[in-house]
Amino acid sequence: MLFVGNARSGLWPRLLAGFAYGLPLLVIVAPLASFLAYSFFRMESGQIVRDFSLLNYKRFFTDAIFIPVLWQTCLLCLAVAALATLAGYPVAFLLANLKGRRRYFLLLMVLVPLLMSYIIKIYAIRSILGGNGFLNRFLLWSGLIDQPLTLFVFNLNAVLLTLTVLLIPFAILPIFLALERIPRSLIEASSDLGASNLQTFARIVLPLSLPGIVTAATFVFVLAIGDFLTPQMVGGQSGFTFGRIVYSQFGTAFNWPFGAALAAILALVVIAVIAAGNRVERGRT
Amino acid sequence: MTLKLNRRTALGMALAAPAILRSSRAFAAKELRVMAWQGYADDDWVKEFADQTGAKANIVFIGTDDEIWAKIKGSEGKDFDVFAVNTAQLQRYIDGGLTTPHDLSKLPNQKEVLPRFRDLATVKGVMRDGKVHSIPFCFDSIGIIYDKDKVNPAPDSFEIFWDEKYKGKILAYDNGEHNFSFTALTMGIEDPFHLSDEQMGKIKEKLIALKHNVLSFYTTPDEALQLYKSNDVALIWANYGQQQVKAMKDAGANIEYVNPKEGALAWLDTWAMTNGVQDVDLAEAWVNFLLQKKIGQQLSERTGFGNTVVETGSAGANDKLVWLDFVEDPTKRSDLWNEIKAQP
Amino acid sequence: MMRLSGPIVAALSAMTAAVFMLLYGPLLIPILSSFFTVAHGDVQWSDPSFSSYVALAANEGILEAFGNTLIVGFSATLLSLVCGTLLALHYCGGRSGAREAMQFAVFLPFLMPPIITGLSLLIFFRETGIARSLLTVIAGHTVFVQALAYRTIVVRLQSMGPSMIEASTDLGASAWQTLVHIILPNLRSTLIGAGVLSFALSFDETLITLLVTGTANTLPIRLWAMMRLGFAPDINALVAIILALTALLCVLAVRQFLPAETESGD
């Protein structure tokens, strides 16, 4: 599609193809595949036994704790993706409607908080949300409440809010880029034909920005599911996620084969979610 | 033309890259590669070490036990010369052949350490088959923090956590492994790290009783502090020991710390050399350097942890400490702990 | 883009302001603490001081780690943009199973928990005899963040559609000319955005870095390790400085690279 006609026989497309297959093969597929092969091995008295078996995968399905934790983790991350996308869309929409430098300046200002270490941000958010945190002190001081709120103290709400705050910028950018590319002529044609702003938005803008929405939700979902620190630090008792189970297998539990199997399963789940997102996108446009 | 040039440069770069990568190795000989916890290799010590030996200690700081293992095992010991590890974790490194035993003749300062740590054969876990695999450096006990206004007289046993009088005023730690161990100590079981099924069953009952007596199980020192500040808390099972004491006193709490008579669990961090150590003498010099009285003093002042050279608040000479050990079945303990937490 | 009525603009602005508060609120705390002592949960307004900035200037370890983070961030971003663009160009050049497989492979390091990506790269480097150093950290970061750059660029290329490129080639332009004169200019804002996202991701990467580094520390590794004993006050100063610098850079970048009346929504 991109390089048709005389370009097809040229050197450039062939070089490009060579690069496009060679690079991932060498630096991604080779290391990861050889590592994920561990998932078919097993541990015996502290040593990795290189016999092929599906025991690790069997354990995932038979043990009572893994599937519920994975399910809850997925729900949590889907909620975060939804929240971040919902909060990010109006911002992206406003940015896309701004003109000139102001638009790009504000866009960059959205991205600047990403450059603050997220560990520092989590600590700051904790001191805001805690039982005696700045939020509760402010609300008490202002007289809006007379008892400290426990709504955001070491529970799932706190995890949701923290992850959303941390990841919103990853949602705004893809949506903005999609909105920015919508041809002005389409919108003008729509309003010339008498469509209201709402109709134009629902029939033209929203469908055309769908690829951006899907990409935004995907970024946020994947980054949330890979985060094993935030849930633990602000989630209290409910901060146990699948990422933590995987992580512990490689450290003190020292069960690399099982950890590799869990990671493979997690990757499959994430890919399924992304594929579902792509279907939604293709189904609409 | 452009393409040709590009291809050639690209090829050249591809060929040169491994050479650049390898050449960085040649400089490594004069350097010591250290993996340490925050607080174990402060800048001023590294500078002084450089003045004394002419060698630069490059420190990589780690945040969890899990990472040390992943990094050392993943590189098969090649990436570091010397690393800090606790005695319970150390066992798997020895099992995996990832350590090089120490030569005590190169560690003159080890003769001057506290009596508790002088005879290494009596320190559980650091020796195997007559060889010293690591040198004790830093420790802390897991005792009881009590509010002086609410608990009088001072407690001397973990039994107080089951006292009805303090129902709903106790914070315990959310960790199955440690909770089984300290409850076993409280019940007078000799070896809290290797429990029979019958003992496990009894401890489980007792932990369910504990659960009904506590306000909450916390996970981080900060969380415990927040709970303490916003609730009526009298007693805390201090998993983070002196670090927690310091944080609470800084926050203005009127508290004290005590190691119970049945023995307090304690962790002990040590220095071990990897099997990939490049300059053994330099590595030993590093460990010996850190065993100085001045360094031990500063370590305790700065972190609140106990050191092995100078007496500090973590434990008096007569306090009974039970060094943490590998437990019989960590998975079983964590499964049982989940069952306990799920109990109504 | 659209002609919006007053109330809608007001509503959108309010929502945007709320999001900005969420984004910048948490940053206020370290910045305030860099000037004022926060004791017992209260800010001591009466007693501002620059002592944390002085302490930062003397903290060589942190400054060196910060420098390493910048080196890694810029290198990985540049590499990711180049690789991401090339991979995206190939992906958008047609439809085939091989292309889907390539895309899957590019996504993998991004989908895996970081400890898996880190460990597999560490074992790979060990077995191929490549010494761990900042170069391997750059490689590790590139593998990780290029997925994001790639995806962002693919979305833009697909929305561009084939017509513009076909027109260019029909007019006899070579593939190279098409790339330089048609594709790249149209990718400008995408590349800037993807670059910032890539840099941000690299700037905060902890686990992969720790596993593939030699003896070099980056800022996230230092901060991660500091959690055990709590953060020193000079970290707050560093946060404040980073914020001021990046805000300044943004202003300069917008002034420098974008004309006053820049490409509007077409």
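Miscellaneous remarks
By written order: A, B and C. Residues from 1 in each chain.
By our rule, a contact is a pair of C-beta atoms (placed from the backbone, for glycine too) under 8 Å apart; a residue touches a chain by one contact, two chains touch by 3 or more.
Since this is a predicted model, take the numbers as computed values, not measurements.
Taken as a graph of touching chains, this assembly is fully connected, with contact between every pair of chains.
By number of C-beta pairs in contact, A-C leads when B-C and A-C are compared. Averaging C-alpha coordinates per chain places the centre of subunit A 34 Å away from that of subunit B.
In terms of their C-alpha centroids, the spacing between subunit B and subunit C amounts to 34 Å. Inter-chain centre distance (subunit A to subunit C, centres taken as mean C-alpha positions): 15 Å. Residue positions 3, 67, 70 of subunit B each touch two or more of the other chains. Residue positions 12, 132, 247, 250 of subunit A each touch two or more of the other chains. Shared interface positions of subunit C, defined as residues touching 2 or more other chains, are 115, 119, 123, 176, 224, 227. The residues of subunit A lying in touch with subunit B in their complex are 11-12, 15, 46, 65, 126, 130-132, 148, 153-154, 232-233, 236-237, 239, 247-248, 250-254.
Partner subunit B is touched in their complex by these residues of subunit C: 40, 59-61, 115, 118-119, 122-123, 126, 129-133, 135-136, 176, 207, 210-211, 213-217, 221-222, 224-230.
By the touch rule above, subunit B contacts subunit A in their complex via residues 3, 7, 64-67, 69-70, 73, 89, 92, 95-96, 174, 217, 219-220, 222-223, 226-227, 229-230, 330-331, 338, 341. Residue ranges on subunit C touching subunit A, taken from their complex, read 1-5, 8-9, 11-13, 15-16, 19-20, 22-30, 41, 83, 86-87, 89-94, 98, 102, 104-117, 119-121, 123-124, 139, 143, 148, 151-152, 155-160, 162, 165-166, 169-170, 174-176, 178, 189-190, 192-193, 196-197, 199-201, 203-204, 219-220, 223-224, 227, 231, 235, 239, 242-243, 246-247, 250-251, 253-255, 258, 260-262, 264-266. Note for the complex: subunit A touches subunit C at residues 1-7, 10, 12-13, 16-17, 19-21, 23-25, 27-32, 34-36, 87-88, 90-91, 93-94, 96-97, 99-101, 103-105, 107-121, 123-125, 127-128, 132, 134, 137, 164-165, 168-170, 173-174, 176-185, 187, 191, 197, 200-201, 205, 211-212, 215, 218-219, 222, 226, 228, 243, 246-247, 250, 256, 259-260, 263, 266-267, 270-271, 274.
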